[in-house]
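When the chains are written out, they are named A, B, C and D in that same order, and each has its own residue count from 1.
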Amino acid sequence: MTGLLYKTWEELESTFEHSFGKTTDFVKVPVMFNERKCWILYYSSLVGSANLSSKLMLPFSQHAGKAESLEQFRAAALASINYMYLTDWIQIARQLNKNSVCILVEGEYEALSIEIGGYTERSISEPEIQQSIYGPKIAFTESIETNISIMRRVLRTKSLQIESYDLSSDKVTGAVLVYLDDVIAPELLQEARQRIQRMEGKKVATLNHLLEGLRDDKKANFFPTLMINERQDSCVAQLLEGRAVVFMEGSPQGIILPAVFQDFFKSPEDAYVPAAMMLFMRLLRYCAFFITLLLPGIYIGVINFNYEIIPINLAIVIAGLRSNLPFPSVIELLLVEAAFEIMREGSVRMPKVVGNALTVVGALVIGEAVVQAGVVSIVVVIIVALTGLSSYAFTYYNFAFSIRLLRFVFIGIASILGIFGVFLGCVILFAYLVNQRSFGYPYFQMNSKRSLL
Amino acid sequence: MKRTYFFILMFLLVTALDILCLFQNEQWNFLVMYSQSKKLVVAILLMITAIIYCAVMDWKERKKPGDGREALRDQKNG
Amino acid sequence: MNLATDVGRDAWIVPLICTFIGMFLFWWFLYIIRHSEQKTIYSLFKQSLGQAGGSILGVIYITYFIYICARDMRDFSELITNAVLPSVPLEWITLCFMATVMYVLWIGEQNFINLFVIFGYTVAAIFIVFVVLVIADGQFDFHNLLPIMGDGIGPLLPSTFTQVMEFPFGELIAFTAFAGTMFPNLPGKVVRAGVFSVLISGLLITLTILIELITFGPSIRERALFPLVSAARNISIGNFIERIEMLVIFAIMLAAIVKVCIFAYAALQGVVWYTGKAYKSLIIPYLLLTTVISYYVSNNMSEHIIVGLGFIPVFIHIPLQFVIPALLLILILIKSRWRKQNDRSIV
Amino acid sequence: MIKLRMLLAGLVCTVLMMTLGGCADRIEPGNLLVITAVGIAKGEKFRYHFYFEGINPSEFTETKRQNISNSFLFDNEADALSGAISAISQEIPLKPEFSHMQLIAIDDELLREGDYDYLDFADRFDQIRNNLTLIAVKDKAMKPIFSTTSPSLTIPSFRILMQLNELHEKVGGNYPTSLLQFINNLTQSGRNPILPVAQITNPSDKAESMDYAKQLDKQTKMDLHAIAVFREDKMVGELKDREARNVIVLQNQAKNTIYNYSCDAQKTISSALQYIAVNKKVMYRQNKPVLKVYMHATGTINSIQCANYFTGKSVEYTKINKELDRTIEKELTATIINMQTKYKSDIFGFGEKLRISDYKKFKEVKDRWNEEFARADVEVEVRVNVQRSGIRGEPFTNRIKNKKY
């Protein structure tokens, strides 16, 4: 409704009805402003009553009588709050949704909207997913302001730039691009801005939509090219390295923009650990990566196709264990893998009140009973348990999703071609990794010194 | 259809080179080599798929004279 | 394929000599490309022999590249059928191998060069582990090598010049097909790096033959079809580190993939030069063609070796790897001198 | 979101690959018969009589033990090893698997005839590894060798290998030759192969049952002290304990061994030799080959039986050294001369040394090297350096007669 806000004061009631609907949390308060009628509009769910009274009602009652115009009143009473003058109802609605309060005075054709907010938020808590022994125990929260303050607390330099964007269809949920302008590469900054701006129109509500938008290629993307991080120190470290971080309203994780394959094997606590230990931990993570990916495939390949690889003593033991078993080894492995995945999913989804008895009971009972009954050989249970455990060894949880999927691909190839198939699978996997790009940077880089470009 | 013709030319030339290399040792005979049915069937199948692939690519390119890249893209998500 | 088998005890000297010849060859091939301001060998043919002659020679080179690619694919698939999966048909293994090569070629040359860097690291690591295990195993005997060159240099020369110089080292000509496009004006650094890598790979081949000779002596090495794999099978330390031939086969596979990709890429660059079509759309047909040819490269293993190490190096490698580049070199020198004269005359 | 069509396409092609693809090679370890040893003897009806020793894997896992014998032996007659293998599948439903074979035992009758046709399959077959051990078996004792049980390890072929390695490590009595070395020596000029010989002393059927392994004193014992000597490609004879040990020493394969000499009637001084290094040279003086052997080793005194012979002073060490040198030289020369006269075959590798030192002469003599070896002179020079005498200096027998304290 461009043009004047209202023709006559009385028909305002109907316009409220029309533009804001009958939501219970929309509040309109008729007050007197220097003998003139005036409306105060806000959403009670977004504006805390304590804030409202201290920031607005108190100064209103003192100064309202003396001030001539709205501007005069604002300059006198509400100097410290950022404000905006709006002339049409769509912008008013948007500002109200951004936890602010609008004041409409008879005779003036501009509504004053002031940022109040103050609804209840979660306080800063410890990171649950990415715990680490050393380092600060601060995790990001849902609101962007606290996240930015967490970052600014450590990086107290003027070069820490924060650009905010309004995503989602009605441009309300905010997203913030944080970077150090003296360190970041200009084309990376340019590319990041473009990708976020390109998403402004679309429906972006959750982090996943944002990830979808920021990703490189739209097709199936096995390996994550963006790091989801909830720890303060690792985000700061990445910023200093010249990367950008994106925060989104309502999601407690920051997205670190260009993330290369090698980054997923670095953990935030590596900085606090002596160099030798750091190398050892990284080597361990690489071994965990290959164990999770290839061990079942190699097991099937060795057992079914190239039995001569196993030394004699081990061969006799395995032959003994596997004699007269009902299932062929591939089916048996898939069954136990499926059981393990179900148990894992059960333990994650289970409400805390039941306690994690399920995992312990599940593992023990099923593991023991199955082997006792002679349905499955112990070797398979060992292999599956080892792969299952090593898939937890990664610092970034979303990295393990793809590997757990690829594991089954390798089992399939191994059941067809044996060890030769696993080798071919490795070559194809590395070819796929080399072909990936994360924001223009090659995904799988061997020489770390030009880690960014 | 430039691509298919070139492909068939290459196929003939390489088989010629292949037979030339094999021809020089006396006890090699043509029949034993080309009469193994399993190998022959697979070879024919592969060659047919290759030629059909070339023909389809050429046919796609007939409409758009640009180089093969767009044709390839249509073919992939066509 | 085991090299220089007829020389027996001194088989390791032949690749040592050929390494230095190979270095010169590589420098010579890149010299041709650099000094003719042409990107690829195909454009060089066109420039020096005109449109008709150039395209005939170009087509011959494409056939040559495809044929060598097919031979190499067949060689590797024979290794897999004999040593790894005895009762899986050869056709099926070649098909799977070709599918991998197709994908590796599909991702574009900048990517698969990075991929080969990774393969390089892996093969180097596997080779070091293999050498350490052979030495730790202790079942070797240096006396198999003595007396070095017992019969003098005489018997070495035929297999040097008719086999080893062409087979691993002459095949560097494949790089002329795409070296120009990958590094625009072939700076000195690239040539030096290339020559150095030829030296390293030559020494690598010499070391493998040395290890084979040490572990089981000349008479078995001559009869072994896959000597490196047999050498890996003999290692047994402490009854646990025993069966590592799979590791060696993995390294050989990586090497085979690199070689097949290089040759296929060289051939594809030629086809792109002559038909002007997109490189990615040509991968599938030409690799299927290579697979079909690899079925009919030879009827049995011995024929594969006789033709591969006997006939081809002399009647196919020498003309295409030495005679034609020599002609090109002379043409370039004449042109540059002729151009220098009329420059002086104009000035 | 992966489109449904791509998912379906993926599924279809995996199923296709599964069915059309070559999982021909898939074998379940359950129905695999792990064959650990093969014995070959002369057959009555067919050329060869093959013995295959397989393993009952379930015996090695506690959960599935049925207390039957750990390994079982089955044999059949065939013209070739591949024929015998296919014959196995008629008897046993399992698929024989040869990649874990440790031992090939060949009857000495076949070796004496120089008949190696069955070995080509072992050299060519990709599953059989050529670093398995080869032994010769005397007087048709093939069946008892593979069926006598032993207390520690009840798989006969393992027991043979363990005993051979023990002998080689501790006493230097015998040396497990691998198939690779045997074929190498057969096919390369300059050295004739040798093989350890296995014999059974007073074989009895009782020894084949499991409970025999539990009995205390055993009459049927496996003896592995002898060496089979070959000339060109035929087995020509056998060398017994002491001579066998000397051959192993001369082949530089002995890790530690024991030599003793008599200080006076029936009394000996024995010393254990370690770090034995033997290098051999061949020279031609006036067109007559001279075999020179240099040996040096460090020794420790094991036992002294003569009284007042050794009082721990260093001058006595040199005396013992000299005595040991002379005895070992005598023994080694005797062995070589015995080989020259009795068997006329160079099993020590002098031919190889000639090839290394004088290649022209070697090429001349290559074909008739055994005759050349037979007429060669022998010069052995030994230098033993006895350094230690255990944890006692003077033997207590000195103190019996003149008690010092």
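As a convention for this text, a contact is a pair of C-beta atoms (placed from the backbone, for glycine too) under 8 Å apart; a residue touches a chain by one contact, two chains touch by 3 or more.
Chain labels with UniProt names: A = Spore germination protein KA; D = Germination protein, Ger(X)C family.
Just so it is clear, the structure is predicted and the values come from calculations on it, not from any experiment.
Q: I'd like the most central chain, judged by C-alpha centroids against the all-protein C-alpha centroid.
A: Measuring from the global C-alpha mean, the nearest chain centre belongs to C.
Q: I need the chain pair with the most C-beta contacts, please.
A: After tallying contacts for each pair, the winner is B-C.
Q: Between chain A and chain B, what distance separates the C-alpha centroids? Give it in angstrom.
A: Their C-alpha centroids are separated by 50 Å.
Q: If you average the Cα atoms of chain B and of chain D to get two centres, how far apart are those centres in Å?
A: Chain centres of chain B and chain D, defined by C-alpha means, are spaced 58 Å apart.
Q: Give, as an integer number of Å, the spacing between the C-alpha centres of chain D and chain A.
A: Comparing mean C-alpha positions, chain D is 67 Å from chain A.
Q: If I count partner chains per residue in chain C, which residues reach a count of at least 2?
A: As it turns out, chain C has residues touching two or more other chains at 85, 88-89, 93, 243.
Q: Where in chain A do residues touch at least two different other chains?
A: Expected reply: 305, 308, 312, 417-418.
Q: Would you mind giving me the full set of chain pairs in touch?
A: Contacting pairs: A-C, A-D, B-C, C-D.
Q: Which of the residues in chain A end up touching chain D in this complex?
A: Residues in contact with chain D: 220, 303-305, 307-308, 312, 315-325, 328-329, 374, 412, 415-418.
Q: Residues of chain A touching chain C in their complex?
A: 305-306, 308-313, 417-421, 423-424, 427-428, 430-432, 434-435, 442, 444-446
Q: Show which residues of chain C lie in contact with chain B when the two form their complex.
A: 59-60, 62-64, 66-67, 70, 89, 91, 95, 271, 274-278, 280-282, 284-286, 288-289, 291-293, 295-299, 303, 306-307, 311-312, 315-316
Q: In the complex of these two chains, what residues of chain C are touching chain D?
A: 82-83, 85-89, 92-93, 139, 143, 146-147, 150-151, 216-220, 230, 233-234, 236, 243
Q: In their complex, what parts of chain C are in touch with chain A?
A: Against chain A, the touching part of chain C is residues 80, 84-85, 88, 93, 96-97, 99-100, 103-104, 107-108, 111-112, 114-115, 117-118, 121, 239-240, 242-243, 246, 249-250, 253-254, 257.
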